[in-house]
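One chain, chain A, appears in both complexes that follow, with chain B as partner in the first and chain C in the second.
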Partner chain A sequence: MSDRFRLCPTTGLKVHAQADALIKANAVVATVALLIGGVTAVLVMLTRWQAIHLLPADWFYRLLTVHGMNMLIFFILFFEMAVLYFASAVLLNSRVAAPKMAWSAFVLMVAGTGLVEWTMFTGRADVLFTSYVPLRAHPAFYLGVILFAVGALVVVSIFFATLVVAKREKTYQGSVPLVTFGAATAAIIAVITLGHGAAIYIPTFLWSLNLMHVDAQVYRLVWWGLGHSSQQINVAAMVSVWYLLGGLTVGAVVLNEKISRSAFVLYVLFISMASAHHLLVDPGMGAAWKVWNTSYAMYLAVLASMVHGFTVPAGMELGQRLRGYTKGLFEWLRKAPWGDPGFSALVFSVIIFGFVGGITGVTFGTEQINIIAHNTLRIPGHFHATVVGGTALAFMGVTYYVIPLIFRKRIAFWPLARIQPYLFAGGMLVFSVAMTFAGTFGVPRRHWDISFQQAPFEVQYAPAVDLVIGVMAVGGLVAALGGGIYILVTVWSVFFGQPMEKGARA
Partner chain B sequence: MHTGLESPTGVWWKPAHRTEKLWVAIAFGWCMVLFAMMPLWHWKGGQNPTGIRHRVTAEAFAQRTQEFIDTYQVGEEAGIPVVEPPAGSDIYLVGAMWSWRPVLRLRQGVQYTLHLSSVDVNHGFNLYPINVNFQVVPGYDYGLRVTPTAAGEFQIVCNEFCGIGHHLMVGKVIVLPAEQTAAVTGGAP
Partner chain C sequence: MSFHGVPQGVTSPPAPASAGEDESHKTPGTLVLVFVFLAAFVVYYFVNWKLLSFLWRIG
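And now, the complex of A and B:
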């Protein structure tokens, strides 16, 4: 591979061979993580469904750890690395700043992932993805996380370096596109996040070697500085993908660059403090600290999402109207490409993220509601709407464009691909709403047996809980089917698919 | 007009359209309402998660709880001591892999100061069936002023993963009805 470029026949963008290869490599690893996460999702789901109660207790907690790490960390972040290369090198017609370093970072991330997978699957890290100290995992688990994070930090630096290279080599005119701008905010938040990550995982690694002490409350404080801001990376990356998909599917226009970009900046400014909402019922912090940190920071980040929640659909409407769908109020929507999985994924992602994930999230951020929601199923109910129904679905949607554009393959099994977002979004919607509902009965999250067979005292949830969890299981299985189709379609297209016509070499 | 994939040229810092401005104003106004509600809820609301906070070592807390048990024990259930502390006193509940000790027998309508802590890893205090939740963190004594408002039996479910026996970790609180209470003090919910 060299510094060759090819011209993309669909978009007219100049694509650097290294960018091509890096995007492919990261996307492939992300898909493997998604597969592991998906299989474990089904096993975990079938265990929480007490009617089936599939796994024994040790494997339930073990595979729940595997599910959380592979989905939330490995799938999402490897995909985001691909998004960063795309938003910098591809959208700006530029070369990747330091390809050799980029490949070392990739190797480092894969090595870290390998270490973590090994410790998890061999039962050396049954600590769930939060790994709250003093619950102990094998040192290799923490080391793996550190290697992964260092690799990610290098990729983020290469992203910024590529922006500089593109500017200097004048590969584009004017300002960077909005999608690149959004990705840049995600990258800045990633730096903040990885800073917290280093601040907590390095001491914890040393603690696991008995070299130092880590306070349990301080761990929760700093860990959520990492855990919460990493969710904001996902949000910023997802919103960038919304703008990207809007442009690709219906020629959505940017209504006003000033408003959209300022909203992205709000994400950067008001993130890390907002992590306080994870600690609302913790003993270590006082009321003033909790109230101040949760509200001032959180609501202004919420403001940003509310702004995007308006500008993205409005831009899509305008794009459609410019294409001539101007009759009445809703012709633009009726005549939208509902059979394009990129489009349907975008629409459902906006809706599920905003209406289910956003609203539940904001309410949990108040002391009074947090006290009845903390560590119940309402919490995973909420984040399966944000990061799964929102982020993961948007990422799935954009893959249907990445495959022809970057892998230069036609999408295989097109009829399946068309219904995939409907299955995934529909299933996830039912799943997360039912999960949230089960949580309102006080049903705990991360729990192997809510019939409490072997517990010293009897606990019997309202009979409705059985029903609600049954509904949740059905929703989850439909979503998992949608996820399975996604993997089938993408893997088949990439490895056995029909090639697109060769793009002309520039 | 351009999409988010294209580089805007020239000056893009332009006034926004009326509808867009209106939406930003509404959203901002709403955020400010929420912002104000947060302290208001704290001030007006009846159940705040913040209590008296102290650091405590696991040994010290275990010892305090043991003294508490020795002083007020009235029986035993499922191998766990049952205690009946006097009205208004400081009461102790310790989480340890994988049990809550002791079983508390309290009086309806009487205020107590509940001290929660763990001697090993994080645990979660979830009161069934009312659904009230607190994080129980080792090294910290979480002091909460509580007044049982209903009589009956309540269970404490651990809702923070604490190892392989997590799902076995259930404790108990018994609240005796107010009529059996000699002097009912206060009783605000």
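And now, the complex of A and C:
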């Protein structure tokens, strides 16, 4: 099986059977993680909506942990593993290097995920996504994360090995495609990220067994090398998906290969510094360290995002103009295929990531302003715009192409699929903006009860807070509906869908 | 036109670009969007500093 290829009748690419199977397996597990993360998201949100306040305190923190781990780690990283196999073996017409090792890595990642899920659901790891020391979880929680990270690191190594195989076997001509270059950026950042993960989770695992001491400030410093950098893998992978979707949906052209590739290199060099944002109010770090890491050098990574934020829509505009849509400023946009969920997801992803996630992120990353935003709902408002409205939505959009091209199935419930990005993006936009507003009024993040009923002091928020949180909940429910439709459509299409061969032109 | 259940980019891939249609390679629409983004950035950044000045008064 390992040397079998099929010819994709749509793209003309040679698809290695092992790449095909690995992409499918990783995408399916990613969707399961998305389902778990999505259900817990609704339960957490209905608790934060003070008018409903659904869960008791212990289950709130437990499910908030489950939500964070599934959405920020398992869903995203399993999907990114699929992206790495696609961007290496499929786009370069190559075989997967070491397929047996690839399957071993997949098993390792699934085993790690299972271990972490077990500890979280059984109340053995109520430590939230960050698992800050001295909060202590069951050793199996840390062990699960380590197994998952080792598996992911092996997949990243196989990605690089596949690039070498493709080069040696001359399966492509010239430079690697921009999408593969972007995926390589994500893979390099993944090595940095997983290195930090090993550096902090192995000692913490030993600490959980009472075998060594871990300093709380050192934990925060090193952990954020994992926690934030893992989201930078998302950024690089998401931008790669933007370029891919632009080409697939409207025939976008790359304005300037050198500029786009240089912007990816800026990510590699400077984006890891963004981790320092999380320590801006920590007393253990000096002002010079904070200012250097979160402004001067870090802005070069912001510059990279702004370059992509220009070249992606500009490439789409130029592609459309070259096909005759030249009237006025926006005919290229008005006459774009808005009924194609891949296109609508791409556009909304760029807008929400840039306008909401990007602007709030850079603003909160300013040392002085961070003091009024830190630990308020403004922070999750920011990262729901980047990770959910940006990355997850882009991944959803590309799924509508992965299903016919890789799974060879038609999209089930097509009318629902067409409106899915609108519901998800609209809901997530309202949710993120309302959350940010609530944070502006001082509403804390990660808090079960903002009425502080049993506190010895009284805390009063502006009456507008109740309204804003209500709006946030409505937006969240609409986004959850969009997420539910995505899961229904993808699962049904993959397991019960009509094969492409029956009727679809290829 | 697209087949039911298959995105347009698969059933009817974008036609090959014709350089003759617009040789200028200008993207005025995107440039407008860039300035909208810049304005939003400036406004949000300014509002946050203003808010900070209210909360932490000097003198």
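The rule we apply is simple: the second predicted complex is superposed on the first by the 499 of 506 C-alpha atoms of A that agree within 3 Å, B and C clash if a C-alpha of one lies under 4 Å from a C-alpha of the other, contacts with A are read in each partner's own complex, and residues count from 1 in each chain.
Keep in mind that, in the parts below, a residue touches a chain if its C-beta (ideal position, glycine included) is under 8 Å from a C-beta of that chain, and two chains touch if they have at least 3 such contacts.
Bear in mind the structure is a predicted one, so any value in this text is a computation, not a measurement.
Enquirer: Who does A:Ile411 touch here: chain B (first), chain C (second), both, or neither?
Expert: second
Enquirer: Thinking of the overlay built on chain A, is A:Ala287 touched by chain B (first), by chain C (second), by both, or by neither?
Expert: first
Enquirer: Which partner chains sit in contact with A:Gln368 here, chain B, chain C, both or neither? Use first/second/both/neither.
Expert: After superposition on chain A, A:Gln368 lies in contact with both partners, chain B and chain C.
Enquirer: Looking at A:Gln498 after the superposition, I want to know if it touches chain B, chain C, both of them or none. Which is it: first, second, both, neither?
Expert: second
Enquirer: So which one touches more of the residues on chain A, chain B or chain C?
Expert: Of the two chains, more chain A residues are contacted by B.
Enquirer: Should A:Thr10 be classified as contacting the first partner (chain B), the second (chain C), both, or neither?
Expert: So A:Thr10 only meets chain C here.
Enquirer: Tell me the contact category for A:Asp340 with respect to chain B and chain C: first, second, both or neither.
Expert: Touch partner of A:Asp340: chain C, not chain B.
Enquirer: Going by the contact rule set out at the top, does A:Trp332 touch chain B (first), chain C (second), both, or neither?
Expert: It touches chain C, and chain B stays clear.
Enquirer: Determine, under the contact definition given at the top, whether A:Ala314 touches first (chain B), second (chain C), both, or neither.
Expert: Both chain B and chain C are touched by A:Ala314.
Enquirer: Contact-wise, after the overlay, does A:Thr360 reach chain B, chain C, both or neither (first, second, both, neither)?
Expert: In the superposed model, A:Thr360 contacts chain C only, not chain B.
Enquirer: I'd like to check the shared interface: which positions of chain A are touched by both chain B and chain C across the two complexes?
Expert: After superposing on chain A, chain A residues 248, 251, 253, 255, 310, 314, 318-319, 322, 362, 366, 368, 371-373, 440 contact both chain B and chain C.
Enquirer: Give every residue of chain A touching chain C within the complex, in rising order.
Expert: For this pair, the touching residues of chain A are 10, 248-251, 253, 255, 309-310, 313-314, 317-319, 321-324, 326, 329-330, 332-333, 337, 339-343, 354-355, 359-360, 362-363, 366, 368-369, 371-373, 400-401, 404-405, 410-412, 414, 440, 493, 497-498, 500, 503-506.
Enquirer: Which residues of chain B touch chain A in their complex?
Expert: Touching chain A: residues 1-10, 12-14, 16-17, 19-20, 23-24, 27-28, 30-32, 34-35, 37-39, 41-42, 45, 47-51, 53, 77-80, 99, 116-117, 120-122, 124, 126, 128-142, 155, 157-164, 166-172 of chain B.
Enquirer: Can you name the residues of chain A that touch chain B in the complex?
Expert: Chain A residues touching chain B: 11, 57-58, 61, 91-92, 126, 128, 132, 134-135, 172-179, 182, 215-217, 220, 240, 243-244, 246-248, 251-260, 279-287, 290-291, 294-296, 299-300, 302-303, 306-307, 310-311, 314-315, 318-319, 322, 362, 366-368, 370-376, 440-442, 444-450, 452, 454-459, 461.
Enquirer: Residue numbers of chain C touching chain A in their complex, please.
Expert: Where chain C meets chain A, its residues are 2-11, 13-19, 21-22, 25, 27-30, 32-34, 37, 40-41, 44-45, 48-49, 51-52, 55-56.
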